[in-house]
Structures are given as C-alpha cells and as structure tokens.
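Next up, some structures in structure tokens.
Next, two complexes with subunit A in common: one pairs it with subunit B, the other with subunit C.
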Partner chain A sequence: MSLVKINIGPVHPSTHGLLRLVVTLDGDTIVNVEPHVGFLHRGVEKLAENRMYMQIPPFIEKCDYVAKMAMDEAYVATVEAAMGIEPNERAQYERVILLELQRIASHLLWLGAMLNDLGHFFSVFMWTFADRDKVLKLLEEATGQRMFYVNMRLGGLRQEFPKDFEYHALDVLTYLEKRINEYESFIENSSLFKERMYKVGVLSRDDAINLGVSGPVLRASGVNFDVRKDKPYYVYKKLNFKPIVLYNGDNFSRYKVRILEIKESIRLIREAFKQMPDGNATGMPIKLINPAPKNKVVRVSREGPRGEIMFYLVADEQRPYRLAMRTPAFINLAALNHIARGNKFANLFPIIGSLDLVMADVDK
Partner chain B sequence: MVRLIIDRKDLIDTISSFKKKGFSYLVKILGIDYIDYISVLYILRNLDSDEEIEIEVHLNQNDLWVPTIINIFKGADWYERELYEMFGIEIKGRKVRKLLLEKFSENIYPLRKSFKWGTK
Partner chain C sequence: MLINELIEIIEYFIVMLITAFAFAYFFGWLERKFVGKFQRRHGPTYLGKFGLLQNLADFFKLLTKEQVWPKKADKLLFLVSVFLIAGFTLYLVMLLPIYNFYIINSSIILLLIFIILSFLPILIALNGYSSSNKFAMISAQRSILLLISFEIPLFLVLIAIGYYVHSYSIVSIVNAQSNLWFLFIMPIGFFVFLMALLAEMERTPFDLREADSELIAGWLTDTGAPYYMLALFVDYIRSFFGAAIISLLFLGGWYGPFGNSFIWLFIKTIFVALFIMFIRAIAIRMRIDRILYFGWIVLLALSIINLYLVYLGY
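For the complex of A and B:
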C-alpha cells in the first residue's frame, strides 16, 4: 500500500496551540510524524540580553503560560545564584507552597485537556477547570494576580501570605483530594479511556533516557529522576519528598504519574504549612539590586510541572550576557516522532495529550 | 560544576567515552557568543549519581562547525537544529533539513552578538 501524507494544524483543537504535524501513514499506521514548530517564537533568549534583570520575569513567565510560577521562580533563582543571595527559610517554604499549588493547577488543566483529546468532550474539562480555578483563587490571594504573578523577588516574594491563607488553602486541598479520587475512579473505568491509554504510545526506559525527555514523561518510563529529589532545592529535603515513578512508559503511566503527583503535592503543601517558621518572606525591592559579578556563570535546574526547567546564565553587571533556557516541552515534543511511530492514527492525539505540551514553551 | 574545555576533533570521542562511564542523559546543548569565539556547551548528566559535566568547545568565528552527536544521543536532534539557526554553526555529518523555529530568516543568526536587537 502506498504511503499517505496528512497535514494537521497549525490551528487544530487537539494540538494545544500552534503546532503543525505532517503525518505519514501506511494505511492506518503512523510511519513518521514531523512536527513543525516556531509559530510562537518570540526570541525570548535574545530579548533577555537587552533587558535589566528584573524586567525579565514578566515575559519569561509567558513561556509556560500554564505554569507561570514555575518559570518565574526558576529565573529568579538563577539571578539569585548569580548574585549570591539565598532566601530565608520562611521564604523557601512559601515558594515551595506556591510552586506546588501551581503544579496542581497545571496538572488539573492538563487532565481536562487530555480527556478532551480522548473524546470526553468538555465534560471532565469543565470540572477540572472549575477545580483549577479554586487553586488560582488561592494564588490570587497570595500574590495579587490570578494568572501572571511576577511574584518572586530576590531573596523572597513580593508580599507575605495573607493572614487566613493557610486555612483557605487547607480547605481547598481537602476538597481537591476528594475530587481527585472521584476523577480517578470514573476516568479509569471508562472503556474509551482504557482502549486509548493502556499500552498505547510506549516509550521504553532506554529510549526515554536517550531522547532526553524529562518530567512525568521520563518518570513514567521507569527512570527515577526528579530534580526535587536528586538535586534538592529549598526545603524539599525536609519535606520527605518521594518521586513518583511508574514503569510501563505508556499513555496510562504518564497519566497516572501526574495524578499521583497531584496527591503528592497536596501532601507536600500540608507538611510545608505545618513546618513553616515565622518570619518575613518579603524580598528585595527591584531598585535595591546589586550588580552581578561580570562573567559569572550559573546553572539552575528546577522541576516544573512539565519537566526540567534549566536556566544557564552568563551574568553581566546589569543584564544577562547570555540566558539560555532548557524548556521541558521542547524536548518532550522532539520525542513525539519516536513515541508515535507504529501506533494507529487515531491514537496520535492521546499521545500528544499525554506529553502535556505548551507551545509557547516549545517555541520560546 | 565540572567543565571540560576540549578540542573540536576530540568531541565525539570524549562524549561517547563519558556516555560509557554512565553520563547517559543529555541535558542541553547551547551556544554562547563571546565575540572572539563562540563556545558550544554539551551538558551531560549521570542519572545514577546525579553528577553533571559540561563539555565545552571553542569555535573560531570564521570556522563555525561541530560534528553531530546524534548517533550518540538521539535527543541532540532538535538542540543541534536550534544551534544551527541561532548561531549559524554548521552541524557536520547530518543534513539540517530545515529551520526549526525561525522559518523566515535564513542567513540571519539572532543569538550572535553581531545581531543587534531591533534590527532585521
């Protein structure tokens, strides 16, 4: 049978942004998938070389517009490392709480979008979206903004948590825990879900390492690597964090890793609230920044919801000389061709969904 | 942070020997324009011991090429394409079929320092 080429996108509901795929098919089987990216390329790395240090967070956040806090924090931590600043303990706890809340919000949005790809049109999506909104309300309470926070300052946060924040947060966590268990029980019993998740899009352990994927995609293939555990930052050591690792490498494992991560995040936040010392977590105002030492090179890795975020900074006095970013979705998408090959065409979208792509993150 | 500055001709051997030693994960390939030369960095990680190593190659501005490492790390594919289009560093041993991010800007290399912000 002759091969057929199909063009998908760049604007397509299941590509989660502007992604064009050229798929070569043999009958109904995928022979090759060629992603065409770059529609959202803004040249963030070049832009960063032309802005002062603390002018950068507002646009670096938009790289991953689903998990803004993670990007923001990773960047500010890089600048802190270049300037030799370390946040105090309370600020570290508060950052961990915000980051884990952001992870929950990101995974909830992903869960709804993933079920959309499977054909559960907008029922689960609406529910998870409403739940995510509860988390966003919490973040708004803590930071003053609902979507784009720009909340990190050198040595801490822009503002201290409000008084009742802990009670509100714990309320929402109790609610979420119940909801996640509900989602789990009915999603996993759906026959539609089972057919398109179990043993579909398998990525073996060796291939996952060789392709350099990170985050839940890597851990679903049986690789026990989580930046929070293996290169611990802030107070993750004290919180007894355990990475979630599954071994099948299929769509289902990638789904399950994220579900279990939400539960782990809920546990981490509760523990962090219990251990958090008193004090003041407010960081330095923007104007008080000392110049960074010239030509100092720092590299900082963080575990974002989508995978490993890495910043490589060559510092200049007032602005970065070079800021290179490793964005997690970029390299996870690069693995798509390998994962999808040999699968049925209809299963391509669940596979894309299971990679949790944010196209602005890919295109930088 | 361990950094190793090596010669371009030793690149393939060095990287494959580190891979045999357990540095089996490629974190990132990136370029930095230092005006006198462009340096290309390969960041490798050992997933068992969590050690990391940076392997750096310095390239003369009028002799910009590196050999491909796609046969050692499959994940190098998109990083190499990005390197080519951002710095104009030719990747020998593979055909860079087309541009990845900047579709309309052939022969313009935006991350070089000679490319000024705000110009076309």
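For the complex of A and C:
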C-alpha cells in the first residue's frame, strides 16, 4: 500500500495548543511523525535581554501557562544564584509548598486532557478542572492571583502566606486525596482504558536517556532521576520523599507516575507545613535589587511538573546579557516520533497526551 | 377507499415526522443537560426555560453560516449522499409502529428496517469520500469497518428474535412480549444488539466515525454549516430510532402496567436514550483495531450462543 501523508493541526482538537504534525501512514500504521513547532514562538529569551531582572517573570510565566509557578520560581532562583542571595528557611518552605500545589494543579489538568484524548467526552476533564480550581483558589489566596502569579521575589515571596492558609490548604488536600482515589478506581477499572494504555507507546529506558526526556516521562521508563532528589534545592533534602519510578515506559506508566506524584505531593505539602519554621518570607521589593556581578554565568535546574526546567543566565549588571531556557516539553516532544512510530493512528493522540505537552512551553 | 388509505398514510407520516423532530430536538436538549449534570456543570441555561431554546438558536446560527465547498470536493456525490442519509433515516422512523398506529405491518418489516440501516454506513463512507478530506477519508474507511464488524452479529440476533416469534413483524414481536420482555428471554442477544446499535448510532465507545479527538469531526470535517446541521439533526433522529427500536424489540414496547399505551413506549424510549447518554458520559472510545476483534470474536460468538440458546429454549 502506498504511504499517505496527513497534516494534523495546527488547529486540531487534541494537539494541546498549536502543534502541527505531519504524519506518514502506511494503512493505519504510523511510519513517521514530524512535529512542526513555532506557532506560539514569542522570543522570550530575546525579550529578556532588554528588560530589568524582575520585569521578566511575567514573560517567563506565560511560557508554561499550566505550571506558571514552576517557571517563575526557576527563573527567580537563577537570578538569586547570580546575585548570591539565598532565601531564608521559611521562604524556602513556602516556595516548596507553592511549587507542589502547582504540580498538583498541573497534573490534574493533564489527567482530564489525557482522558479526552482517549475519547472520553469531557467528564473526567470537567471533574479534574473543578478540583484544579480548588488548588488555584489556594494559590490565589497565597499570592493574590489565580493564574499568573508573579509572586516570587529575590530572597522570598511577594507576600507572606495569609493567616489561615494552612488550614484551608490541608482541607483541600484531604478533599483531593479522596478525589484522586476516586479517579484512580473510576479510570483504572475500565477495561477500555487498560486496553488503550497498557503496552502502547513504549519508550525504553535507553531511548529515554538518549533522547534526553525528563520528568514523569523519564521516570515512567525506569530511570530514577528527579532533580528534587538528585540535585536537591531548598528544603527538599529535609523532606522525606522518594521519586516515583515505574518500569514499563508505556502510556499507562506515564499516567500512573503522575497520579502517584499527586499523592506524593500531597504528602510533601503536609510534611512541609509541619516542619515550617516561623519567620518572615517576604523578599526584596522589585525596586531595591542590587546589580548582579557582570558576566557571571549561572545554570539552575528545577523539577517542574513536565520535567527538568533549566535556566542558563549570563548576568549583566541590571539585565541579563543572555538568558537561555531548557523547557521540558520541547525535549519531550522530540521523543514523539520515536515513541509513535509503528503504532496505530488512533494511538497517536493518547501518546501525545501522555507526554503532557504545553505548546507555549515548547515554542517559548 | 384509496383516498381514505392515502389520507391515513399521510396522517401517519405527519405524526411520525412531528414525533421524530420533537424527539430529536428534545434528545439534543436532554443530552446537553444530562451530560452537563454528569460533569458538574449546568448545560444550557440562557435561552428559554432551562435552556430549552438553545438548540433552536444553534440551528439558526448554523443556517446563517457560509457554505464553503472544498476545491476537490465531489459536489454531486456529496449532496446525493447527504440527502439520502437524511431521507433514509427519516424513512426508518416512519416504519416504526406506535401501539395500534402503524403504516405497514408486514412479516418482513424488521428485515427491511435493518437492511436500510446497514445501507447507511455505505452512504456515510461515500459522503466522507466525496469531500476529499483525508480525515473524512479515514472516517469513511472506519465506517465500512464498523459495517463489516457489527452487521453479522446484529442480524444473528434478529434471526433469533424471528425464530422465537415466527415473524419479523414488529407488532407481533411486541405482542410476543406481553408476558415477558425479550430482555429477560435473551439477555445475551440484548447485549449484542445494544452494542451493534451503539455502533450504528455513532455513540461512544464506538463513535469511531466522528472520533473528535482524532478525526476532528470524521466524515463531517469539511462539511459546511447547513449540511452539518442536517447531519447533526439526522444523528439525533437516528438516536431516537435506536432507542425506540431497542424498547420495541427488547423492552416490551407498549406493554406495561396500568394498561397498554403508547406512553409506555415513550417512557421506555426516553430511558434507553438516557442510558445511551450515560454511556457517552463515562466511556472511552474503543480503538479501531480492537473493534474487529470485538465484532468478529466477542459479539459474533455471543450472538451464535444466543441463537443456540433460543433454539434450545424453544
């Protein structure tokens, strides 16, 4: 049979933004998938060169509009490293709590979108969306903004947690724990789900390492690498957690890693609240920051919900001389062709879903 | 004499047309509301009481849209197939009896209905082919695949029913259920029939023809708004037909407590429709290569077992 080329996207219900794929099909089998990216490119790295350090976070946050806090924090941590500032312990705990809340929100959204890619008619999507909103409410309470927080300041946060934030957060966590168990039993008891997830889109351990994927995609392939554990930052050393690692490398493992990560994050937040010391976590006001040392080169990496976020900064006094980002979704997208080749056409979309792509993150 | 019969036929057509249209409209509204409730949201609320006029507004909105023809589209084939689909679907509804109100009571009426029903996927395939869109083309192939996977089990169930009743007339089939529904006499057959009809009606988990996360809108991808509206409407009418035929063949039709009446048929039809919506709200789409396995191994085996059990029991 002759090969057929199909152009999917950039406007398509399940390309998670603006992703264009040129898929070569042999009958119903995928021969090649060629991602074309760049529809959402805004040149954030270049924009950063013309702005003061703390004017940049609003741009950075829009790179990954699902896990804003993770991007924001990674960037601010890079600037802190360039200036040699270390946030105090309470600020570190608060940042960890916010980051883990953001991870939960991101994974919840992913869960709904994944089920949609499998052909579910928005039910789980709406449920997880509502639950995610509870987490966003918490983040709003803590930061004042629902979506784009711009909450990180050098040496701390823009503002201290409100008084009864801890109680609200623990309430929501209890609720979420119950809901996650419900989702798990609802989704995994479905034989159709198993059929479409088990042993579909397998990424072997070696391939995962060679392709440079990170985050849940990497850990689902049996590589025990989590930046929080391997290059610990903040108070992750003091918190007792272990990275979730599964060994099949298929769609189901990637799904399961994220579900277990939500549970682990819930545990982490509870522990962090227990350990959190008193003090003041407020960071420097934007106007008062010192100039950074000239030509200082720093590289900071963080474990975002999608994988390893890395910032490379060549500092100038008032603004970055050069800012380069390693966004996780871009690298994970590179593995798509490798995973999808040889699969059926209908499996392509669950595979894209399981990689958890955010196209703004890919295109920067 | 002839005039009277003609008037009767026209009367019946008008009543059935109104019923089908009303049900299609109601089905569209109910689905939005019911699935919405299932997903912890409200569904349409703005237009009319409980958003009852929302579908009407959508209808007019789609009518005002521009009709764009793709360059390579086969216009004639497209138009012929889309109107044939609509016509045949309406014709199917016309053949259904409502209590003592029917147009034809032939002993082969059920076979006629299902022969027309199995003709629809071919028309849909033609329609998908005519728009020369690759997604529509894949959808057309899938349509044929669904046809060959589900048609044989479906007809085997019909044969079992015909064997039990000694007739393919729907009226006699319903009358044979006056004591016990066929749902209890042949539960396996009911399962097979339900699955096959879900596939015919493009409902999850077999909505492969218009799998929206894969094929955008399947065979309707390049269809312009007015024809899309027509197809959508036909889709609802087909759902009405499916729900009605299930309640006629397996749920005792118009038989019920407190006297036999067409109201029972309506209640049962609505319940079946709700059940179909419920499946839509919770199920995941089946993968295309599993459909063949499911059709040819699972459903075929089950339908043969069903036939054999009916043969033994009779």
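The criterion applied here is as follows: the second predicted complex is superposed on the first by the 364 of 364 C-alpha atoms of A that agree within 3 Å, B and C clash if a C-alpha of one lies under 4 Å from a C-alpha of the other, contacts with A are read in each partner's own complex, and residues count from 1 in each chain.
By definition in this document, contacts are C-beta pairs under 8 Å (C-beta built on N, C-alpha and C of every residue); 3 or more make two chains touch, one makes a residue touch a chain.
These numbers come from a predicted model, not from an experiment.
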Touched partner set for A:192, first subunit B, second subunit C, both or neither: second
Touched partner set for A:313, first subunit B, second subunit C, both or neither: neither
Which of subunit B and subunit C A:135 touches, first, second, both or neither: neither
First (subunit B), second (subunit C), both or neither touched by A:363: first
Contacts of A:38 with subunit B and subunit C, given as first, second, both or neither: first
Which of subunit B and subunit C A:46 touches, first, second, both or neither: first
First, second, both or neither for A:326, with subunit B first and subunit C second: first
Subunit B partner contacts - residues on subunit A that touch it in the complex: 37-38, 41, 43, 45-47, 49-50, 207, 209-213, 223, 225, 230-231, 297, 299, 301, 308, 310, 312, 314, 321-322, 324, 326, 330-331, 334-335, 338, 363-364
In the complex, subunit B residues that touch subunit A: 1, 24-28, 30, 32-33, 41, 43, 47, 50, 73-79, 86, 99-103, 110-111, 115, 117
Residue ranges of subunit A in contact with subunit C within the complex: 4, 6-7, 12-14, 28, 115-123, 125-127, 130, 190, 192-193, 195-196, 344-349
Contact footprint of subunit A on subunit C as seen in their complex: 35, 38-41, 134-135, 138, 204-205, 207, 211-214, 216, 280-290
